[in-house]
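Common to both upcoming complexes is chain A, partnered first by chain B, then by chain C.
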Partner chain A sequence: MTLLRAWLAGIPAYLWSGWGAVASLCLLLAAWEGASAVYGALVLPDPGTVFATLAGLVDSGAAWPELAVTARRAATGLLLAIAAGSTLGMLAGISLTASMMSRPLVTVLLGTPPIAWLVLAMLWFGASDGTPVFTVFIACFPVIFVGALQGTRTLDGQLKEMATVFRLPVRMKLFDLYLPHVVSYLFPAWITALGTSWKVVVMAELLSSADGVGAALAVSRSHLDTAATLAWIAAVVVTLLAVEYLLLEPVKRELEGWRRQEREGSAA
Partner chain B sequence: MLNRNPAALAHPLWLCGFRPFFLATALSAAGLIALWGAFLGHGLPLPPVAGGPFVWHAHELIFGFSLAAVAGFALTAIPEFTGTASVPARPVRMLFALWLAGRAGFWLSGGIGAPALAVAGLIHLGLVAGLVALLAPRLLADLERRHLSFLWALVAFAVLIAGFYADALAGASPARWLHAAVGLLMILVVLAMSRISMRIVNAALDERGESPDYRARPPKRNLAIVCIAAYTAAEFLAPGERIGGWLALAAAAALCHLQSDWHVGRALFRRWPLMLFAVYVLMAAGYGLIGFALVSGSDGVSAGRHLLTVGAIGLSIYMVLNIAGRMHCGRELDERLWVPLGAAALFAAAVVRAATALPGVPANLLLALSSLLWIGVFALWLWHMAPLLAGPRTDGGTGCQGIVDKAG
Partner chain C sequence: MTRALAIRGLDHAYALRSVLEGIDLDLPAGRTVALVGPSGCGKTTLLHLCAGLLTVQNGTLANGFLRPAVMFQQPRLLPWKTTRDNIALGLKALGVPAGERRARAEAMARSVGLDELALGQFPNALSGGMQSRAALARALALGPDLLLMDEPFSALDIGLKAQLHRLLLDHQAEHGLAVLMITHDLMEAVRLADTILVMAADPGRIVFRAELPVPARRRSEAEVYRSTAELLRQPAVCASFGLDLPAEAGNNGNGDGAAVVPLFSPESACAASGAPSCVSSAAAPSPASAACPSGPACATDAGKAPRKKGFSC
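Right after this comes the complex of A and B.
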């Protein structure tokens, strides 16, 4: 309860710290405005025009359905990757042999560019939802797998022994010993994967789908409509930033704080 | 035997650099706005100067009123920060004479013409050069060079003065140099406040029995300074453009970010920290309004600028006058009610001045109200503090010395 209260009391300070980010973003907008003045509206429309276009897309109701389709595909791929990556990663982490064996495979997966998977997916799934979902899955899977693997591998052996010696109940071992530690590795991996999923899904849609933000980007490109292109990009980036900084980052800080304490504790 | 001739070096007025300059600050604050109000309200003529009445107004409040405060602060605080001896009375008197001559020179420049304008420019440059000559060795002697930024600010002041007079002599409008000087003053306020706040906020924490561990850390401050400088440069090179608007919004956000250093719990709501904090609030609001006006293409740049000048500059100078002005006379801070009332009145003056830009308000009435509040605050300060600044020390301390520790 006190923990929860302390966490809630920290929210205003966290939100207030966002002003630093706002300042940097405003500097970026100023640079954008300057570049737009130099290169002209055809190459780079100014931020005002782009935001007006975006507001027009939102007002006309064109933006939400596309964003929803894209979000659905990204979420499906991501959830599959989280489920498979976390489970398999933890399993591989438990056994030294399995982790030794899986590392090269993960390196191969990580090393294969998403665009290569996309081409394969287009051959396998055609223009269906399967193409973006599969591409997202395969791009996110190794990231989460490695996180889960590391989380399990770095469990403190002495703590485990102590838990066995003191005959801790399984429930307590799981929730107080294993899970907090593993989650402190898993969660950052999930957030990284979320960013990847959102980027990869747009790319996949651009090349393979008839709807979604990626498809809308393809259309605005074919019309040479730079303002609409940038408006869609802004929509994607703003959505990702909102989800990441308002939802996931506070949780991540909390978990990393836990890990920091643990490290300081072991150092002392 | 007390020397009654204020020009004599033995007069207590010359005990420390801030004494003549802070008196001049408050006197000019009240006097200049009284003249300005009389001009706006009753058409009373102002001294004719290059660029017209608006340039006179801005020049006097920046290179007169504000520069006097900067000189008084620098002459007193920099020896204290660097742990060096106080500035002797003779050069202080010389600098003060230059300040007075600067007023006379600029006011007469319209009547006499270009030679007077050139002389006025040289006098102003001489004042800043004198400050640099007196203080640079102290700032450079500090091995860690912690306070060197004040030196760069003074040098920047000299550049802006030179630019102003060069434009005025060439017959161009010199207003852009004055706008840049407002940006420079904002940076100086941020620099000075970071030093003053360490003492004031920690004293408030201490009083509440909390550990005095407030630190004005550089990263947030530097971001704010970079954003303010970027906006000032954009305003100078491309006034009225949207790019400046984004930079002003960046400055506003960076100043809000900077405020989080101050979020130390209830101690913030003690009167001294709160009055200083209000300076940052006004500064953020001013840049926010300017940014919004420029980005949206609406009116409000002048309103935002007056939140910066009347609000942030006025209030921060008032605070320096009350804090440094008391402490270096050997007195504890004045805990009477008039100090926070004055700060509240200045805050109100800034908001009322900005509100004149709203459509459908009686702008003239609001202008008059804002001017009266401002004049009243500085008159009140003079009434309470002038005897202290022009009188001898009664605590046994000498010169600029702070509060003498009775126990020690």
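Right after this comes the complex of A and C.
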């Protein structure tokens, strides 16, 4: 509840701090407009046309169902990866043997391109939801796993001794000792995974599904409709930015309040 | 089981390196034992054994105290908890309800001199001295009957050290807890302890035992200086710290550092070792010079004494 209140109260100041980001985005739009003037509308439609197409998609009601389907797949895969990656990563971090054994496995997972997993998933799951969900899961899992592993391993041994001496029960060790420390490693990993999930799900849909944003992209590509393609891309990017900067970033700030005070304390 | 800590013939080794050998130690309820010795003589290992952080390999360690608490060399506060929650940590582990542990933590914080502002801050915003107070408050909030301390005041300035000493002695007088403390500050040991055990390294063993009959709260500054000076005249103590034996005391012992001298009391030792030096050490503004009239190495170490006196008065 406090979290929600702090989140709401922090929005105006937070949005105000976003002017710098807005300015740099405007520069990007200007460059886009310039490139479009040089190369012509077929290669690169100007931003105005693209956003008009996007508005048309939204108005006609065509955009929401596709976005919803894609979001559902991405969210399912991401949540599975967060649950499995965080839990297994922390468990592996507690044991030195487990962390040594899991390192190379994670490197293998990280090194395998998502497109390879996608091909396997298409063989295993066919055209069902399983294909994009599995691809998202397998692309996000190692990132989160490594975050949880690192977080658990880097917990100060002196604090662990302190916890033993003060006879902290297991529950308290988890919630008062490990989690607050691990969260500062987990949260950036979750945000990275969110970006990955959103990109991978579109790729998976493009190649394997009949609905969702990826499928819509495939259709607009086959019609050589560059404006619609860019409109879908804009929709994907805007959604991701909105989720990351309006939801996750404020939560992260709130969770890491003690770090902020630390910085202010050291500055004072 | 009586409320006491009894250690008999305790050995400890890390792999093949023996760090503790044949440690005997008794700590009854309400008493203070100080372990003094050079770095690396196994003091911390011994304390960790008492705290249950290490497993006893050889010998017996019977800890009859019910509520031990530890104060480490570093404050070891949780950086993501406010000072208040840090102090209440041990109480939370005991299952004390939130309201009560908050009240008890705040009361304990006030008694160690932490104000309301500090209670709401995170440890990183506190000064080193305030962090140490919070760590002391966290240990004392448990209402321990045994307090284990590992050089807890070594990083503090002299004024702060004196404040926390007084606080600890007051708390001890009120609640009668037993204290086992590690220090390499002989004067701190003389100020707080009832029994001083001097350890020597390679392997860690107790080479000297001194009893201080006057209760710590009634010890005058002059007595503290005199007793510290007396301790530094003991061959075993000087050998343990690698100091040259003062020439005056050289004929008293062989200086091989192996002798355990039982029941050293400053008064009797003072009388035995010749009145002039004792009288001068009690009266002179710089007692350390009386203890080490000619040994240069000894004088550099004891040279801390006059500085301290100037501040703690």
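Basically, the second predicted complex is superposed on the first by the 236 of 268 C-alpha atoms of A that agree within 3 Å, B and C clash if a C-alpha of one lies under 4 Å from a C-alpha of the other, contacts with A are read in each partner's own complex, and residues count from 1 in each chain.
Everything that follows uses one rule, which is that contacts are C-beta pairs under 8 Å (C-beta built on N, C-alpha and C of every residue); 3 or more make two chains touch, one makes a residue touch a chain.
For clarity, every value in this text was computed on a predicted model and none was experimentally measured.
Novice: Using the superposition on chain A described above, determine whether A:172 touches chain B (first), chain C (second), both, or neither.
Specialist: In the superposed model, A:172 contacts chain C only, not chain B.
Novice: By the touch definition at the top of the document, which applies to A:26: first (chain B), second (chain C), both, or neither?
Specialist: After superposing on A, A:26 lies in contact with chain B but is clear of chain C.
Novice: Just chain B (first), just chain C (second), both, or neither: which does A:164 touch?
Specialist: Touch partner of A:164: chain C, not chain B.
Novice: Can you list the residues of chain A that touch chain B in one structure and chain C in the other?
Specialist: none
Novice: Which stretch or stretches of chain B touch chain A in the complex?
Specialist: 220, 223-224, 227, 230, 234, 241-244, 246-247, 249-251, 253-254, 256-257, 259-260, 263, 291, 295
Novice: Mind listing the chain C positions that touch chain A in their complex?
Specialist: My answer: residues 51-53, 69-70, 72, 74, 76, 78-81, 89-90, 92-94, 121-122, 124-125, 138, 142.
Novice: Spell out the part of chain A that touches chain C in their complex, as residue ranges.
Specialist: On the chain A side, the touching residues are 158-159, 161-162, 164-169, 172, 176-177, 180-181, 258, 261-262, 264-266.
Novice: Give every residue of chain A touching chain B within the complex, in rising order.
Specialist: Those in contact with chain B are residues 13, 16-17, 19-20, 22-24, 26-27, 29-30, 33-34, 37, 46-48.
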